[in-house]
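Sharing a structure here in structure tokens format.
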Amino acid sequence: MAPRGEKTPPAGRPAARPPGSRRRRRRDLPLANDASARYLPWLIAFLVFLAGLALVGGLGANRLAARWDSGLAGKLTVQVMPGQNAEETKTRVGLVLDLLTASKGVASVEVLDRKQLGALLEPWLGASAYEESLPLPMLIDVTLDPGVEGVPPGLAERLEKEIPAAHLDDHQRYLGALISFARSLQLIALAVVVLVGAATILTLIFVTRTGLSVHRQTIELLHLMGARDRYVAGQFQGNAARLALRGGLVGLVAAGLVLYALERVVQSGGAGLLPSFSPTPVDWAALLVLPPLAVAVAALTARWTVLRTLTRLP
Amino acid sequence: MVRLDDVALRYGQGPEVLSGVTSHLEPGSFHFLVGQSGAGKSSFLRLLNLGQRPTRGRLMLFGRDVARLGREDRALMRRRMGVVFQDFRLIGHLTAFENVALPLHLVGERPGAIDSKVSELLSWVGLADCLDALPATLSGGQQQRVAIARAVVGRPSLLLADEPTGNVDDRIAMRLMFLFEEMHRNGTTVVVATHNETLVGRFQHPRLRLEGGTLRLVPAEAAADGTA
Amino acid sequence: MAPRGEKTPPAGRPAARPPGSRRRRRRDLPLANDASARYLPWLIAFLVFLAGLALVGGLGANRLAARWDSGLAGKLTVQVMPGQNAEETKTRVGLVLDLLTASKGVASVEVLDRKQLGALLEPWLGASAYEESLPLPMLIDVTLDPGVEGVPPGLAERLEKEIPAAHLDDHQRYLGALISFARSLQLIALAVVVLVGAATILTLIFVTRTGLSVHRQTIELLHLMGARDRYVAGQFQGNAARLALRGGLVGLVAAGLVLYALERVVQSGGAGLLPSFSPTPVDWAALLVLPPLAVAVAALTARWTVLRTLTRLP
Amino acid sequence: MVRLDDVALRYGQGPEVLSGVTSHLEPGSFHFLVGQSGAGKSSFLRLLNLGQRPTRGRLMLFGRDVARLGREDRALMRRRMGVVFQDFRLIGHLTAFENVALPLHLVGERPGAIDSKVSELLSWVGLADCLDALPATLSGGQQQRVAIARAVVGRPSLLLADEPTGNVDDRIAMRLMFLFEEMHRNGTTVVVATHNETLVGRFQHPRLRLEGGTLRLVPAEAAADGTA
């Protein structure tokens, strides 16, 4: 027989210490105290900052290239040398316009006025480019029929033969390099954005794995005590989301400040090439998407990593 | 409560640790699990707490075939068990109090009830002064008692204790055994794996002896005649 | 008395298994198997890649701004409208040159020839900009005395009064914006490089801390068994250096490929603005410094973090 | 070998676990360290293996005042000790063999000698089949034996064993005690902390009894008369 007596476990005896004294419960997974809680927000901030810059840079390069490109695709320019006086110049332009409108493949023509021309040349010739007295070549914008690529055959030769003072200009030769440079920059920006995304996912997987490994014993114990997978996954997910949000906001603000400063620089000078690089409302909107995106990536990656690991437990 | 039907267990490609164990533990029964070091006592308990799946055979717990349970059901079933692990497995960043409160939190007990139950139980095992101590600051025997308190605090239907008295002296060991006895009297099915022959001899409970991968039941009378 | 007899521990009995069978020794700290071994190289590669792009971009922007700047600092341009014929134009230019050389603060003057002018305007006017027949304003480059800032007082007024066809042009107005834009880009590039450095250090601290925390028990045990601090620190340091080297090389190659591709794009078109953005030998050298730098940062950060933690052990 | 002079130990701001312990363990002596759970046995051993600094008093080891030792000297001194931790502390990713070989590697032993010494010792403690097993795949008692093998393999001058038989049955416990006896006969100073009164009673060694923070020496004769 087992010995009995006074040594019976307690039954209904009131607790020694006042109830409620220990009610504030610590989390069973102290993820918020992990080293990652100090690391992750900063790394995410850095990544969001980078993604922000790359995004706006890429969109700017895209706009620039598109502007040049759309200005050039299906377009030609014909220069007409100014004659000895305005009358002669006008006659020459009239001849060229007649020839062009009669040509196959030409949809429309437009003579650039003095102001448009001046704006084009201002950075090089200064304000005087607008002066009436400066004899400039006349420029005629030619829009080709949709589907027509390059110079319609024979056009250049006919122009040269009939009006020697006119010269056909296929911009591609000059702006092509600029456009491919802008497109390259755009590609690099895209690559940086993609890499930032990959780095975020990679980091989240690593941080989560590390958390799983640091807290492996606790997690296994919780599992054996009947905790559900989603209970554990939820803690990791929430933690990752919180840290990513914090980092994302910091990164957003940093990127916003830098871009705002850049815009001020661009606007303070009136250079013609640059405005398309400064952020537009669309850019600002794209920026605002980054922190929620970071949070979503963080939460989903953490959840997925944890659940994948937990299903290995019996 | 627990029914094993020709159950075998091997780890990976290793030899069979348990081979063809057939047994039935009645609800409310109390068994000692004995056997040499390495005989498979912990492995047997691991089967019962769903920490390992049998390699073959059928294991019924609470009247249900565990092989047919989903993840959710297994989690719920685990909550009806209390387990004392041979290596304690306390959560290092939680105090003794919080460790013991954990099973109650998992089933959603009221904070007030948690507070009184946990404090009371820890006082009973002699740790009234250590409620706010982290496991690392407790002695080996104190940790073991916290582990035991955590296993019994939820008044589980099935209590599995693996070497629960290896780090305490005989006086405390007896005190802990009274706790298990009390649970048993209140209807809990108890299995205690132990090397402590003195302890086994003092109680009138049948033994399950693991030897060569099979389980042999030694009734209480024969056991009492034998080593005790 | 303690029982004795057969149960005596072994003394000189030969070992059962052939000696040497287990000689290959695993590391006592399996850092190479940690999750960080798969994460760190990729993150470092990404960071080195970024640093590489930012570095070359920053150096390019710097060169560009410096070229514009040195071209402009202490320089003015005077435009002279072409007259009705070459003779008239020449007279006007002569007058302007006389006036300029007589002015205080002017060091030297140079008339841009047709070819220089054509190169400047080519992207806008096409090849015809070189044609003799096109009447273009003459440009005179004015170099000011060292120390003279801006337009010498009275010069603009005298020019305007004496030769109305001449027009003084202070480039700062047009290129100033471009230059501050380039300087801003350079600042951003510098910021990115600095941030990459910070991110690398932060990552290394985190990864090392994590390693310390994952292997805490092993490290404490090694310490209690008499292992020296530098034995443990050496393993972390070596591991970090190896991973950083691997990542640094990958990042270097990636950055190199991208920059090489960009250079090809730039060289394939002959645009006048761009060449200074393509990497120079100095840039390539700066790139080559990045991987060793990453390795050094990694090794030192790891060592410092470990030693700082270990000294807390008794 | 070990000399304590009014040594006290407290953890952080807690109460004194040891208060004014004065003792002298001769080289080549063998002592059992006994006392209730929480009396401070592990803490006492922690002082001796330089795992904790005394809060006050003087501790001499190997004839040197440990307070005056540099980090380097403390590391070297630790290599002359073998320690069996109450919680084993095996390295999880190393096999039983590699765990035991560790102290030999640290002192730069020849691989050939390591191989034979380690295999032999593990066979002796009954683990000839488990040389390549990772700790997690060993039973509690098997892990404990690996921990003991690791402590003795380097033939240390000072052997500190904390509850080395808590997870094994009496037969294996005796076998392990013979190992300690053998070390003792070869000149090692041995201190074994244990709750196992049966074991203590079987051997003719003086006991150090910890009670209320002080140490009391109970000579072998008195001890043998008493509980044994």
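First chain written, first letter: the chains are A, B, C and D, and each begins at residue 1.
We take it that a residue touches a chain if its C-beta (ideal position, glycine included) is under 8 Å from a C-beta of that chain, and two chains touch if they have at least 3 such contacts.
Keep in mind it's a predicted model, so treat the numbers as computed, not measured.
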{"item": "Path length in the contact graph (chain B to chain D, fewest steps)", "value": "1"}
{"item": "Most distant chain from chain B by Cα centroid", "value": "C"}
{"item": "Top chain pair, ranked by number of contacting C-beta pairs", "value": "A-C"}
{"item": "Whole-Å gap separating chain A and chain C, where each centre is the average of the chain's CA atoms", "value": "21"}
{"item": "Separation of chain A from chain D, taking each centre as the mean of its C-alpha atoms, in whole Å", "value": "64"}
{"item": "Between chain B and chain A, distance of the C-alpha-averaged centres to the nearest whole Å", "value": "58"}
{"item": "Chain-level touch network, classified as line, ring, star, complete or other", "value": "ring"}
{"item": "Inter-chain touch pairs (all)", "value": "A-B, A-C, B-D, C-D"}
{"item": "In the complex, chain C residues that touch chain A", "value": "34-36, 38-39, 42-43, 46, 49-50, 53, 77, 79, 81-82, 120-128, 131, 133-135, 137, 167, 169, 174-178, 180-181, 184, 188, 191-192, 195, 198-199, 202-203, 205-206, 209-210, 213-214, 258, 261-262, 265-266, 268-271, 273-274, 277"}
{"item": "Residue ranges of chain D touching chain B (in the complex, touch as defined)", "value": "11, 14, 36-38, 40-43, 86-87, 137-142, 145, 162-163, 166-170, 172, 195, 197-198"}
{"item": "Residue numbers on chain C that touch chain D, as the complex places them", "value": "1-4, 7-10, 13-17, 19-23, 25-26, 28, 30, 33, 217-218, 220-229, 314"}
{"item": "Complex contact set, residues of chain B against chain A", "value": "49-53, 71-72, 75-79, 83, 89, 91-94, 97-98, 101-103, 105-106, 111-112, 115-121, 123-124, 128, 131, 174-175, 177-179, 181-182, 202-204"}
